[in-house]
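Common to both upcoming complexes is chain A, partnered first by chain B, then by chain C.
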Partner chain A sequence: MTRPAWRLQAVSALAIWYALLAGFAWMAPYSWREQHREFASAPPTAIRFVDPTGVWRMPFVCSLAPAPDSPGSYREDCAVRHDVWLFGRAQDGRMVVLCPEQPGVLFLFGTDELGRDIFSRSLAGGLVTFATGVVATLVALFLAFLGGSLAGLLGGWPDLLISRGTELLMALPALYLLLALRAALPIQTPPLLAFALAVALISLLGWARPARLLRGVVMSSRGEGYVLAARGFGAGPVYLLRKHIFPRLRGVLGAQAAVLLPQFMLVEVALSFLGLGVAEPLPSWGTMLSSIQYDLVADRRSWLGFPAILLTASILISGRVARAMELRSQPAGGAPRETTP
Partner chain B sequence: MSEAILVAQGLERRYRRACALDGVSVSISAGESLAIVGESGCGKSTLLRCLAGLERADAGSVHFGGAEVSPLRGEDRKRFCRSVQLVLQDATRALNPWWSGLTLVREPLDLLRRDLSMPERETVARCWMDRVGLPASVVERLPGELSGGQRQRLLLARAMTLSPSVLLLDEPLAGLDPPIQAAILELLKGLRSERPLATVLVTHSLGAAAQGAERIVVMRSGRLVEQQTMTAFLAGPQDPYSREILAGWQARQANFVKSPPIKSSGSAH
Partner chain C sequence: MPATQTSERVPGWVSVVLSRSLQAAVTLGLLSFCSFALFEWIPGDFLTETAASPAVSPETLAGLRDRYGLDTPLGIRYASWLEGLTRGQLGPSLSYHRDAMGLLLPRLGATVLLNLTALLVALVVALPLAIFAAQNPESRFAGWVGRGMQASLALPELVLVLALFAVAQAYGVPMPGGAAAPADESWLGGLYSLLTGLATPAIALAAGTAPSYFGHMRAAWSEALAESYVIAARQAGLPPKVVRWRYLFPAAANPMVSLLGGSLGGILSASLLVETVTGWPGLGPLLLEAVFSRDVYVVVGAVMFAASAQMAGNLAADLVILRMDPRIRS
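== the complex of A and B ==
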């Protein structure tokens, strides 16, 4: 496959994936905060095609009711059928991906202990996790760009300061540092502030590695023949950075963004899993997965782990994009090599 | 001989331990062609970078048209850059691998000739690319897609767009096939016949120096050991090291003559 095609394919795969996520979150059967207390911890609802008499029908769900004898379990009554429509209109007039006929309920991936639809919450939570990852990546790369180009262009004591600083950051185990910092800040915060805190912490700890990388690229470009030649044409540092050095950084920045995004999303998941990231009732894949850390739950209500599948898929697609970005940072005709005399 | 325009006096330059220049004085007159020869690491490239104002000497000074170069700023510095152009060693690295041929050749004009409009700059760049013998297709090619000779021509075209009065060439023939080396030397000769242009050719090959210059300077470990006109030098150098390299070159020439004859295509012109 040619390079542009491969890049396009990978980037569009990522775009399609998150567009689907966003679109479906917008058209989710239920709102992420909607509670169905009467259906707490309900297992995934089966979509059926064959009724009890063995006749094929349009997709339908059976009527669901709590079992009177054992609390927490549910009984399907397939004598009462509710048709399911793809992209139907819900009661409130919203367009919905999978719409059960009233008064039927459809929990594609079950519900949690408050009776909230896991499917709807996974989609919304994915967006929260993705947004945390994207904002943290942008902030971290901006910091890295500032630090890296200052250190690389100026050299001397700014370089010494920035380089030793990044080394110190990288030498400390990031997760523990993150937990310590987060623990030092107030635990009970409004959801939006908790989101901002998570973003700030992740990017503050994550900028060191890309900064070192960018510093190296800036330094090596500074020694390139074409940069020396441009100086011979009277070019100043701003021109050099803009015309000769930044285009080289762009590829690195793109590749770093593709590498950092899944990493930061995982960090957000880890933070929220431990209850230090995005806070309830705002869903994120981390907060949602935190409910399966008790073995009893993982055993009996495995559907709570559904966000993990989405998370894995997101990380895998991001990996593909990172690879494509890496290829992009090489010019046609190959990267310049030193000629052998 | 006409007046000296670029003059270096007592240049000294040290890198950590190695001494690249150790009291070098050399002067370049308008329109002359000078060759600087010497073995690798003798300080030729450092001397050129100092002459081009891209590197500051630890001691000594470079004067251009009577004014010292290193304190030049702003417009004066630009005027100096326009007049003295350095063609860097290793054409592969001296060209930004992401830029097309035309953009590369246009770069000096973009920086130093803002008075020209973009179409004018492109016309000048295209003219020079044509003058140095590059096919029109090079305009949109990247350096990685060009041959070594084409890259060298591109460097020449780029330096010439500014119509400098001094052209400093750092090993312009390195890594090229002999016919292409000869063509580049011819091109330089042609450029000098058209306009008042002084060329300083740094090379480690005495053959190229003899073909491309009227005056020669021999360097050894950061010092000038000999300054001569080419004819006087070929007749008999004063310095023992110069005699050594001349003898070595003549011996190799003799070997060529002894080896089975290759039909020569007549005298180059």
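== the complex of A and C ==
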């Protein structure tokens, strides 16, 4: 396959996955903060096709009610059926992926201890994690572009400063550094600020590796004939960067974006998991995973693990795309892959 | 040539150790100063929460501030911290009321123990499989192992450790922080509870790194198999064992060791998550606790220790390569 066609395929695989995530989040059965207190910690609702008499029917859910004798458990009454519609309209007129007939409830992944639908929350949480990853990647690449091209073009003391700085950043364990930086900032923050902090911290620590890569490319292209020629005609550094060097950087930038995105998403997940990222009630895959730590086994609420499956699938897809993009974009003997948290 | 003369007088490893130690000292110095400056610059400190409580009088607060030296200028505080460092002190932990060094050292030991165990487990599992896969590329078993490793390469460490933690709990494997261990027990019992507690975090950490070791070792071994000196050795009729351990292994181990050295930062970061989930009493949980309570000296100390551990690991990797690879030694 030719290179552009191949790259298109990789990028569209990613785009489709996250478009599905976003679309489903938009059409989620419930809002991420809607609490169904009467259905706290309910297991996933089964979508059924066969009614108690053994007759095949259109998909339906049975009526769900708290069991009167034991709190926290629920009883299905299949004598009362509620049809489930694919892309049906909810009561408020919204289009919903899987819409149960009123007054039926459908918790595809079950609910958490506050009775919030985990399916809806994992979709919204995925978007939060993804958005953090994307914005942090863009910021980090911008920083890396600035640092790398400054160091590569100017040489001398800016190069020395930036090179030593990136080396210093890379010589330290990332998550420890991240936590130390986080320690200096307020712990309890409003959601938007928490998001901004996460993005800032991740990109501040993540720009070093791409910056070194970009610096190398800028340095090598500085000696190329066409750059020398342009310089001979009196081209300034900004013009050189824009017209002659940036086109060469584009491939590296794209590949680095593909590599950084899953890494940064995982850092966001780790940060939120540790309670230092996005905070309740806003969901993120990290905060959702932190609740399973104790409840999964102790309470036998295995459905709390669903966000982990979505996270793994996302990282798997992004990782595949990233590895392939990186292999394609790098000349033989390029920088080694790094294992990050 | 003067260059060779100096290298004859000073063995290679000495100069490596010296230059790396110097680098590490500069790095740690910069890191500690930046941390101090950062905590100085950011508003609020350990006592901010305390001050918010109406039950605490301003006099008490002032006394506490004075006692912990929270109001002294940055330069003086840093200087006194450095001075304490020469006496083996890392500054007072504000929430534990003792020196951070005494808190952190056992934690560092636990983290190093966990990481070394995990490294050992990962290597023992990954290397033989990788060598087998490289020697028998046609084997169906090797193919399946390769595919499995490839798939698990993308598995996030956090998901991995949560899953293992759940499985271990379901089967009643004791956790390091568990209350199962009786207070008075023989050293044998202590060792047993240490090992059972170590099992889950070590396996989780090893499972996260083994696929990458497998992939790199398989590639390195296959590459080494195609080297002309290996083919020549085989053609000369050397026994396969000799070819394998004297010719192939050093050539393949070299990239492996530098990979190990380079991936230490990632492993330490993964270890933080593993420790937090499983309750292993390493640096990670203590750092996290200190972050929440803004226990500045513990945070700085933990980061310094983690950075030192990573740099020590890098140095060890370099020394091993130096020892193994005659090309670099000369």
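Operating definition for what follows: the second predicted complex is superposed on the first by the 311 of 341 C-alpha atoms of A that agree within 3 Å, B and C clash if a C-alpha of one lies under 4 Å from a C-alpha of the other, contacts with A are read in each partner's own complex, and residues count from 1 in each chain.
FYI, a residue touches a chain if its C-beta (ideal position, glycine included) is under 8 Å from a C-beta of that chain, and two chains touch if they have at least 3 such contacts.
The model shown is predicted, which means the values in this text are computed figures rather than measured ones.
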{"item": "Chain B versus chain C as contact partner of A:239, first or second or both or neither", "value": "first"}
{"item": "Which superposed partner A:219 touches (first chain B, second chain C, both, neither)", "value": "neither"}
{"item": "Contacts of A:47 with chain B and chain C, given as first, second, both or neither", "value": "neither"}
{"item": "First (chain B), second (chain C), both or neither touched by A:320", "value": "second"}
{"item": "Per-residue contact with chain A, leading partner among chain C and chain B", "value": "C"}
{"item": "Which of chain B and chain C A:180 touches, first, second, both or neither", "value": "second"}
{"item": "Which superposed partner A:78 touches (first chain B, second chain C, both, neither)", "value": "neither"}
{"item": "Chain B versus chain C as contact partner of A:230, first or second or both or neither", "value": "first"}
{"item": "Shared chain A surface residues [contacts with chain B and with chain C]", "value": "336, 338-339, 341"}
{"item": "Chain A contact footprint on chain B (complex, rising order)", "value": "52-54, 77-78, 81, 85-86, 88-90, 92-98, 107-108, 111-112, 142-145, 148, 158, 162, 174-175"}
{"item": "Chain A residues touching chain B - in the complex, by the definition given at the top", "value": "224-226, 228-235, 239, 244, 247-248, 331-339, 341"}
{"item": "Contact footprint of chain C on chain A as seen in their complex", "value": "168, 170-177, 179-187, 266, 269-270, 273-276, 289, 292-293, 296-298, 305, 308, 311-312, 315-316, 319-320, 336, 338-341"}
{"item": "Of chain C, residues touching chain A in the complex", "value": "27, 30-31, 35, 38-39, 41-42, 44, 151, 153-159, 162-163, 165-166, 169-170, 209, 212, 259, 262-270, 272-273, 276-277, 283, 287-288, 290-292, 294, 296, 299-300, 302-303, 306-307, 309-311, 314"}
